[in-house]
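The following pair of complexes shares a single chain, chain A, combined with chain B in the former and chain C in the latter.
Showing the complex of A and B:
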């Protein structure tokens, strides 16, 4: 059992590292500028390893730059959500009145179906990478805040917290030195879940044509392919649809494996969290 | 008491969603009609004077905001969701016309999904820690990593194009004349297979993991040990003691799953051009038909919030302990 999850975790981590390297080094490893136009709908050849799309962009280069877009959005959203969610979760768990207020907001927003609302907002504003990040952030912090709060609620009743209070430790000191370190495992697992969610939501939104039309993510490449009327007639789907789809699948798989391994290792209690997803 | 407060809670949520829906087009730069006349829009909508008047009357932009708000709310209660620009018909009418296909798709998928999730989850937990359990776990985690739209595309390619055994789009054969009702039913089911399979596969992970965890919890209980000590057969313990108790959380989960599936239909129906509400939403986004888009959003939200409410009520009936917590 222990071996199983270590192997899974390592595989997941390896996948993520590869994608991260591709994202960081995109300009150096992409054979062409993704906006440069060549002959459209060319089949794979030594010049264009994955052929070209309907407006003549090199698909491989699009995917390499797309890695950047997809991972960047997921990373920024998860980091900010993690910081905001953890802070609000700590406050909500430690101060009762404020906590009640924050949790009502969280409850309401968690009940509103996330993806339909995101689709509506995204169709009203002109989509760009930063707009997408802003939209995902509306919902990103909620689950983290709720989970951290419930953990803080039990942590603050421990004896060592009472002891710290008795020797004059301030609320800030207790939160920072005694409670925060104890919720770190939860925060890490939540970070991974959020990243998974954003990768899926962003590619879904882009697949519907609501992604950034300039900085095209994997989902956007898939959208272009799907909208191409002759996509199923010939074998184009093999190099135009499979690669972007598999990129999404492997990233999610990597995150899932790492998340699963961490969950079991850091805190077996976590297992009963919501596993539902919208995509 | 508990049930009443739950009901109030969901009403508050509904009110908030309605308000978001009202303010969203109004806080955007310009007014809600500016995108219609904006020549810089991706797809400039072609709009006649007559349609423009209907829209102006709907949004009532010449009136003060508070009056617009009250009119909007009263309209919603009366079932007036606005006027679709693209279909040139009342929004509610357009949505209701598509509803049956989505109900068929979500209903079928939920039934299959819950049954499979329970069976595989229980099997996995029963074999906990062994190869069978790990294998199932890795398999389910892996197939859950496929976004539904990509999974749908793969199924289209392999079963629709390569093997050519299932139709790849629509809910019925176009312009078909059926010699008997059975033929029609068969045609509809034939079209349903791939979209339903996509929804089931892409959502099964949640139920599977929940069932597995719930079952693992139950298997650790004392009464299972007692049952073993009494010398009951493994099969009997599994069916009569473990399964029944492990099923409880699945009830709540199922309602949540219905919600996720309704959202999932947006992608699945798009991939298969299945004529339900999800596909309608996709077209709406393409045509920038904002009143219809907002109507669908409201409709989906009410459906999902309603499903949650039902789940809460059911759970209280099934497990009286919840009431006293």
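Showing the complex of A and C:
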């Protein structure tokens, strides 16, 4: 049981590391400039490993640069959501009046269906990477803030918080030194969940044609493929449509595996259950 | 001069069922270097009194009266001044060492933070001081143990760590809230010895319901019942010449005195009985006890009691 989780976690981490390296070293790895045009709709060959698309761009290079775009958006959104959500969650959990205010804002935002609104907003503003990031950020911090708050609500009643007050610790000091370290596990899990969500949502938006047409993500490559009717009648879908889809699937799988493995490290109760089953 | 002078202190909690009068008109003073025992049953307001002194109660609590510490009224000063006093001037040792230490922080850091909050020492100096303090509370190989986490310490050791945190800034007054609760007899006597040593130059308010511990440590003892003091005298007087029926009952309930329980239950702090608060449980209760609330009277020099029949 435990072994299984660790192995899955390692696999997930390996997948993510590979994608991260690809994203960082994209210009060095990609065989061609993704905007450079060659003969369109070429089949895979030693010159173009995944062939070319309908306007003659090398699909492999597009995918490699797409990794950069997809991961960059997911990373930036998750990091900012994590920082904002955690800070607001800490404040909301610790200070009652401010917390009430923050949570009512969260409630209002949570009643709005997330994806449809994102689609509506995205279709009204100029599609670009930074605009996409901004749209995802509107909703990214909500769940983190709420989950962190509920944890802080129980943490602040612990005796060691009283003990810290008794040696003269201020509220900010207590939040930073005593409460924050105790919510880190939750923050990590939320970070992974948010990254997974953004990868999928960004692919979805791009697939609908609402992504950045210049910096093309995996979703955008998929979108281009589906725009081109020829994929329905020839083998070309195998190297045009399948690879970006697999990239998305593997990234999400990698994140999920890591999350699954961390779940146990962060919640030792799962471990004892695993032992119980073995016995 | 008294180090701490409490006059007319009232701590009331408003609740849905009514006002809880946890501390009701208490007068108490602690001299420099003195150990004062505050004794009473569970729920009589002992801990609340300690928390009131440090101003750590929920903001909806009403506190009246004065708490004069070295000339300044603790109930009037600003929160920032109060924070300076907490830990540096008045330290509190909590009753649950196991839950009063942060599980994700090294023991040394938790001692060092008390020092760093007040003295602005560097991380390294504070750690060295933490080792010194751990050594002074008799923790073996302190230089190694500062880097351990609370779960690696036993119950008695954790209580030593709590005492170390309390002592970290050399406070003038330590409020020890049942420091021997939940410890076995051997460890308990070790902790009592330790407290005796470390409070030689420090005043201590010892909150406990353990008369044995109080007898070993205290110069004077105050008995508390249902939010108010009922008897207040030197330790010797309390043990040799107890005047209040509650004090006598408390002494009689000691194992060495035959384990005779006091009949009845301590009253709810919302609906206090009329007259003397102890009269429903008192053998000597007369008509007057049901009607009139007795005042604290000084029977002998320094021996106060709240009873009509003393």
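The criterion applied here is as follows: the second predicted complex is superposed on the first by the 267 of 279 C-alpha atoms of A that agree within 3 Å, B and C clash if a C-alpha of one lies under 4 Å from a C-alpha of the other, contacts with A are read in each partner's own complex, and residues count from 1 in each chain.
In the analysis below, a contact is a pair of C-beta atoms (placed from the backbone, for glycine too) under 8 Å apart; a residue touches a chain by one contact, two chains touch by 3 or more.
A quick note: this is a predicted structure, and the numbers were derived from the prediction, not measured.
Asker: Would you mind checking whether chain B and chain C clash or fit side by side on chain A after the superposition?
Answerer: Result for chain B and chain C: fit.
Asker: A:49 in the overlay: touching chain B, chain C, both, or neither? Say first, second, both or neither.
Answerer: Neither partner.
Asker: Examine A:168 and indicate which partner it touches, taking first as chain B and second as chain C; both and neither are also allowed.
Answerer: Once the two structures are laid over each other on A, A:168 reaches chain C alone.
Asker: Considering only the touch criterion stated at the top, classify A:159 as touching first (chain B), second (chain C), both, or neither.
Answerer: So A:159 only meets chain C here.
Asker: Anyone got the angle at chain A's C-alpha centre between chain B and chain C, nearest 10 degrees?
Answerer: Angle at the centre of chain A: 100 degrees.
Asker: Going by the contact rule stated at the top, is it chain B or chain C that touches a larger number of residues on chain A?
Answerer: Tallying touched residues of chain A, the top partner is B.
Asker: Touching A:84 in the superposition: chain B (first), chain C (second), both, neither?
Answerer: It touches nothing on chain B or chain C.
Asker: Regarding the shared-chain residue A:266, is it in contact with chain B (first), chain C (second), both, or neither?
Answerer: neither
Asker: Examine A:181 and indicate which partner it touches, taking first as chain B and second as chain C; both and neither are also allowed.
Answerer: So A:181 only meets chain C here.
Asker: Return first, second, both or neither, reflecting whether A:20 touches chain B, chain C, both chains, or no partner chain.
Answerer: A:20 contacts neither chain B nor chain C.
Asker: Looking at the superposed set of three chains, what is the minimum CA distance between chain B and chain C in Å?
Answerer: Across the overlay, chain B reaches chain C at a minimum of 17 Å between C-alpha atoms.
Asker: Help me check something: in the complex, which residues belonging to chain A touch chain B?
Answerer: Those in contact with chain B are residues 1, 4, 8, 107-108, 111-113, 115-117, 119-121, 123-125, 200, 203-204, 207-210, 222, 226, 232, 237, 241, 245, 248-250, 252-253, 256-257, 260, 271-272, 274-279.
Asker: Residues of chain C touching chain A in their complex?
Answerer: 54, 56, 83-88, 91-92, 94, 96, 99-105, 113-114, 117-118, 162, 165, 168-169
Asker: List the residues on chain A that touch chain C in their complex, please.
Answerer: Checking each residue of chain A against chain C gives 158-160, 162-170, 173, 177-178, 181-182.
Asker: Would you mind writing out the residues of chain B in touch with chain A in their complex?
Answerer: Per the touch definition, chain B meets chain A at residues 9-10, 12-13, 16-17, 20-21, 24-25, 28, 129, 134, 138, 141-142, 144-150, 153-154, 156-157, 160-161, 168, 202-203, 205-206, 209-210, 213, 253, 256-257, 259-260, 262-264, 266-267, 270-271, 281-282, 285-286, 288, 290, 293-294, 296-297, 300-301, 304-305, 308.
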